[in-house]
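For clarity, chains are labelled A, B, C and D in written order, and residue numbers in each chain start from 1.
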Amino acid sequence: VPTVRSSNKLKILNDPIYGFISIPNTLIFDLIEHPYFQRLRRIKQLGLTSYVYPGALHTRFHHAIGAMHLMSTCILTLRKKGTEITSEEEEAVLAAILLHDIGHGPFSHALEELLIPGMSHEKLSALLMEELNHQLSGRLNLCIEIFNNTYHKKFLHQLVSSQLDMDRLDYLKRDSFFTGVSEGIISTDRIIAMLNVINDTLVVEEKGIYSIEKFIIARRLMYWQVYLHKTVLSAENMLVKIILRARQLLCEGKKIFTLQPLNEFLEGRITKASFRESSDTLLKFTQIDDDDVFACVKQWQFDTDKVLSTLSRFLLNRNLFNTEISKEAFNEEHLESLSKLITTNYQLNDKEIAYFLIQGKLQNNAYNAQKDRINIYYKNGQILDIAQAADQLNISALSAPVEKFFLCYPKDCLI
Amino acid sequence: VPTVRSSNKLKILNDPIYGFISIPNTLIFDLIEHPYFQRLRRIKQLGLTSYVYPGALHTRFHHAIGAMHLMSTCILTLRKKGTEITSEEEEAVLAAILLHDIGHGPFSHALEELLIPGMSHEKLSALLMEELNHQLSGRLNLCIEIFNNTYHKKFLHQLVSSQLDMDRLDYLKRDSFFTGVSEGIISTDRIIAMLNVINDTLVVEEKGIYSIEKFIIARRLMYWQVYLHKTVLSAENMLVKIILRARQLLCEGKKIFTLQPLNEFLEGRITKASFRESSDTLLKFTQIDDDDVFACVKQWQFDTDKVLSTLSRFLLNRNLFNTEISKEAFNEEHLESLSKLITTNYQLNDKEIAYFLIQGKLQNNAYNAQKDRINIYYKNGQILDIAQAADQLNISALSAPVEKFFLCYPKDCLI
Amino acid sequence: VPTVRSSNKLKILNDPIYGFISIPNTLIFDLIEHPYFQRLRRIKQLGLTSYVYPGALHTRFHHAIGAMHLMSTCILTLRKKGTEITSEEEEAVLAAILLHDIGHGPFSHALEELLIPGMSHEKLSALLMEELNHQLSGRLNLCIEIFNNTYHKKFLHQLVSSQLDMDRLDYLKRDSFFTGVSEGIISTDRIIAMLNVINDTLVVEEKGIYSIEKFIIARRLMYWQVYLHKTVLSAENMLVKIILRARQLLCEGKKIFTLQPLNEFLEGRITKASFRESSDTLLKFTQIDDDDVFACVKQWQFDTDKVLSTLSRFLLNRNLFNTEISKEAFNEEHLESLSKLITTNYQLNDKEIAYFLIQGKLQNNAYNAQKDRINIYYKNGQILDIAQAADQLNISALSAPVEKFFLCYPKDCLI
Amino acid sequence: VPTVRSSNKLKILNDPIYGFISIPNTLIFDLIEHPYFQRLRRIKQLGLTSYVYPGALHTRFHHAIGAMHLMSTCILTLRKKGTEITSEEEEAVLAAILLHDIGHGPFSHALEELLIPGMSHEKLSALLMEELNHQLSGRLNLCIEIFNNTYHKKFLHQLVSSQLDMDRLDYLKRDSFFTGVSEGIISTDRIIAMLNVINDTLVVEEKGIYSIEKFIIARRLMYWQVYLHKTVLSAENMLVKIILRARQLLCEGKKIFTLQPLNEFLEGRITKASFRESSDTLLKFTQIDDDDVFACVKQWQFDTDKVLSTLSRFLLNRNLFNTEISKEAFNEEHLESLSKLITTNYQLNDKEIAYFLIQGKLQNNAYNAQKDRINIYYKNGQILDIAQAADQLNISALSAPVEKFFLCYPKDCLI
């Protein structure tokens, strides 16, 4: 188990988005230096999105530090407005936002709950925080309380996790920036300047209402333009199928190339229970990242299994599947003609067809009024959910989730 | 009457927003050089908005050139997509957008239809184009046809004047930029890249739908954050009252300071009819600008008329009236108590009170589906109004105009 | 004499450059609200530069607030590094930078020492600070000490006035921004992050050396591209000639249009001595601005004096003189042929020719090692002038001032 | 051997820097789609620079497309100024700049000439262009002529490779942008607008001289702030030592983890001659990238060889060596005491010490007047080298190369 080194510099980092980011205290410095956190340098924020937006190579490492930076700014603002935040709380909430994504595995959401069924990145973040807290002799106690929302000052948790948390503010801005989809760029400065805490609840001051509207619209735009982009869907679902094929071959006892300790995750041997049973499991998790997966995919393009090699070669060379999106479920006829064509073109058997005809659903939920809320605070003391507060019904209209069906298959099978 | 000089350079202008702007042809160069157009250098785009956003000093001159630049880009894009635009049409539509605001008077919208009752800036633009066409021996014939929407290719007019014209694209971006309200900054590049012409109608391609949504939201945000900002309302309404007071004093035969030829407009002697009766009227109009008005206000702060001098001094020193905004009409009681307080504090008579207790209505209409439409063009050939096309009802919700009441009065009368 | 109002809000201002600017304390708020300071809203930072760069309409008002904002950031940085700055000193140095340019008159440098011979803007700033201090019952005592460099902590004065002061950092960035000459945009964040105070002297830390090099180069670039641009030279020198012609006519007793109290400055009656003799003089100075000058120029285009009306009309309609620039003095022959041509074309007498054939010298001094220095602080404790410190000799090379000759005359006299 | 697919779309790509990039023709599209080019997605532009600047994850893929985009702009500009460029030449010069870096291997310059001794990336680019030309049946003939400077229009080669080529313009801007070192950001728009071709030579017009000065200074700044940053030096030299250690172990017959076909390059078996001897060699080269190298380093951290595992673990966890930089060679005494300390701390033998005490030289050459020149074109027809042309001697001063010595060793051995 690696130990935390004790170097003590309060450095300044360059960030193309915010200019300069200061490391605010030695705990944050030590956490950033820790191998568990350094690992995030090798985990892309947006999976395979760079296949469409070549600039989108930014990592969870950069995002976590950016969100921590916004938290610093936010603390300054709230204190100016009279909210009490002790220096212990400050350190804890900064650590909580820094570590909120530490449980992300290779390619972030793209492979989440696939490599370890049933384990979300949040659960893994919680486990890793516990482990770090152990290594740091309890310095993260308060941080963990805030993260788990068991601390009495609820607004601190809201800053870490809610519909207007520092996580969302940073990722929306960062993803827009690096993809070049400039319309998604939000004014984090302005939004933070409008935040306040009333009765232990995070609120947005009245005059910030249009900025919030715009934030929600920007989020919606990013969903359709980036997060659920057809070609990204295609690439990421191809990678999922590659992993599933590798797993199947391994389970059938076939010898394919793998790397230690990724092989254990590929075989599907590691489950939620494994983490309870052995402390080694978590350590193994911290040793896998994007590079392992792609190093395997690169070897697999020469594998003797046709499905594995074809999918791998296609992905590496960006020969991506065609994607259809529809508001209704695809009709059986269409699926059948596609199946036939794919079977013929690629000479597949019935079990193999599912690797080449990928079906799924996607959902966009720009603002979920059912979950937690974005509260608007009026000068007269009233507090209203943004969906009620906006002049128009548009926000509540936006809060209806949009669900669509998708279908991916080889380009040469386009009918 | 000034004549058009014939210098022939195709210059490059620096623009903080677009980087470089090229003057595309000699007609455009000659028009920019013309004193009627140079006058726009002394007409602020946003009236007295700089009292709230100190960067908002940009002029109609800069906006007109910016819109002309966007038109150039747009023509390139449409031609690439197969829309035929002849070089005569190109010259004409560029001239039309360049001249679309040439009829703006001092402080743009702030004093519109006040100095010349019944004359909108569009009517004055039309008159000035006719005059320029006369001076240029008919070189603006086609330009005027497009401007007046009598030319058979209707999309050319739409590029000059519609809910998605180059005027709006530039002013939204420019106003956001110079005010520093960065959330209003739209991606003109992306929007223009999504434009197309189908059946002689300007349309937005399907994949541009979220950009248009965002454009409408940005417009809405700019309305509340900038165009209808309380303090801007206050300043501009104070200026209106100053002009009205000057007019009243002049009509009563009182001697107050004025400048030639502004005095004729102040006296209210110039009406719609005057332009028909004398060709001099238009020339006089081209000789007044922001500087004349403010030079008078500065003299008036020392006038013996208390109303005129007080308002002028208040405006110059930014001692602006307090503004109340309400969804309902203000109740009579409230108005009466304010009247009393103002009368006492400023020792006014009944006729004078209206200069210190300003009432009015304001309206925001981000998208007006009743007027012309923003059409979305689907790959399957269908064309839908954006209000029908968006996944949600939010655009149609937005299209309901919002109307509010406002009230401005001296700060020391705040109850 | 206007009095300072006592409203107490710590507002936030939008700035296209820095995003948000916070008013740090009530003294700064009161100073900004003061009519003397509000007047700066009507004084353009860059004279007539907008004739070349149409975005360059920013004012001394905006610059002063921007420089004050940088000072806030700088104080934060220096305190973090252990420099003691008391809250009194903070208030004082913020006030000093806010007021450093309050003595600028119409069109800033363009008419400096012309309207009031022998009075630089710095001297007028000092007089106005004294007056404000009087009105504020001594609240500016420490501010004035710092401004005059009589306070014992010398680095505070250096922050207000030296080769690396907050004034220069802001104006370089602001002028680049609004002209659109993006290459002049410096990283004020980075430069400020590199500042430190050693032995009461402002220094730049070693690793900031390349940023300083770049700052000096940017300054040099701005000189040639903007501050000394041929066409700006032409416009500003034409305005100077207009003022001089008006003065001559007034001195000869001719009746021309003028405005109160600008007329007294035009007549040349106000000198350095006038300020000592009457307290009214200073008040009158605070009542003139760009608008008065241009309102006069606009009236003068119809004056019966041919020189005055021609120059005024030319300037208003941007029919600017042609400019020649040369490393050597222009030869007599060339000047004589020009004189002849001008005399013929404009039918001038010998005394009038000087208004149409303008001669002068211009100088660029990107870094003046003779004046004060930019000190680089090395980790080993050594402090060196940047000119010695840079790896190369380039900075010392740059510090040699460049002097050139210029000549402006009507375009139709181009030989 | 993969074949080129024939899909024909002229797509638009998002770029955080330029906004939109259009694919100008089908040849460019086909080249981008080719697996050899897609491979560049897995080759970081700046090696391990992201260890210091976390945003610097951009790839050779993005850079090549960016440079191609600048070339498009440049062609438009030159044609407007009257330079003839046929559509064949256009296609060829666009392909040449797109492919100019296709020969870069894992981590670009960091491992150049290490994995294949004696083979620069330029030579590999040339080989790969030949191979692509073969696959494309000669469509790249003209492209290769331009790349090799055998085509008669010499300025086309200058646009691809000279001291002011599109390569430099893009990488300087891109590297500044993604590192966040905003001072390095150059105005590519302005520089390109100033280019011209006179007597078949690329020149910069007179008024662009200050922009070029600034470009050279920006380049100099990027060298010291980024390309030769101490910590980047340390990380990249540690990686070099890891590769050398792996090679040594493999040569000694020790079994360590490797990947196909990287192992052949690690063993040092592939030399310049191999490319002549077997066509397979080039194909193998196109199969290795950053991922292979890092996948190995990750496995090596658990190797039984102490040197290999220690260096690998240190690099992965960013426990980077300390770096000293000096103008003079380090003295023997200092080196000896370091050697002793390292030997003790890490229990190394004499042969192993060189892996932990890294020595080298670094050089910065912002402008090399000996090589090719940046020519300034004066209105009077004169053409001068920028070093002669600038007002001052500073450019020629800058052209003296700066050489320094460096030393890297474990942090715990800091004396």
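The working rule: a residue touches a chain if its C-beta (ideal position, glycine included) is under 8 Å from a C-beta of that chain, and two chains touch if they have at least 3 such contacts.
Everything quoted here is computed from the prediction, not taken from an experiment.
Taking the mean of C-alpha positions as each chain's centre, the chain lying farthest from the centre of chain B is D.
The chain pair A-D and the chain pair B-D differ in C-beta contact count, and the higher one is A-D. Spacing of chain A relative to chain B, judged by their CA centroids, is 44 angstrom.
Taking the mean of the C-alpha atoms as each chain's centre, chain A and chain D sit 32 Å apart.
With each centre defined as the average position of its C-alpha atoms, the distance from chain B to chain D rounds to 51 Å.
Multi-chain contact residues, meaning those touching two or more other chains, occur in chain C at positions 19, 182, 187, 190. Viewed as a network of touching protein chains, the structure reduces to a complete graph with every chain in contact with every other. The residues of chain C lying in touch with chain B in their complex are 2, 5, 13-17, 19, 33, 35, 38, 41-42, 50-51, 53-55, 57-59, 61-62, 65, 177-182, 259-260, 287, 290-292, 294-295, 298-299, 302, 316-319. Only residues 12, 19-20, 187, 189-190, 193 of chain A touch chain C when the two sit together in their complex. Within the complex formed with chain C, the chain D residues making contact are 182-183, 186-187, 190, 210-211, 213-214, 217-218, 220-221, 224-225, 391-395, 397-398, 400, 402.
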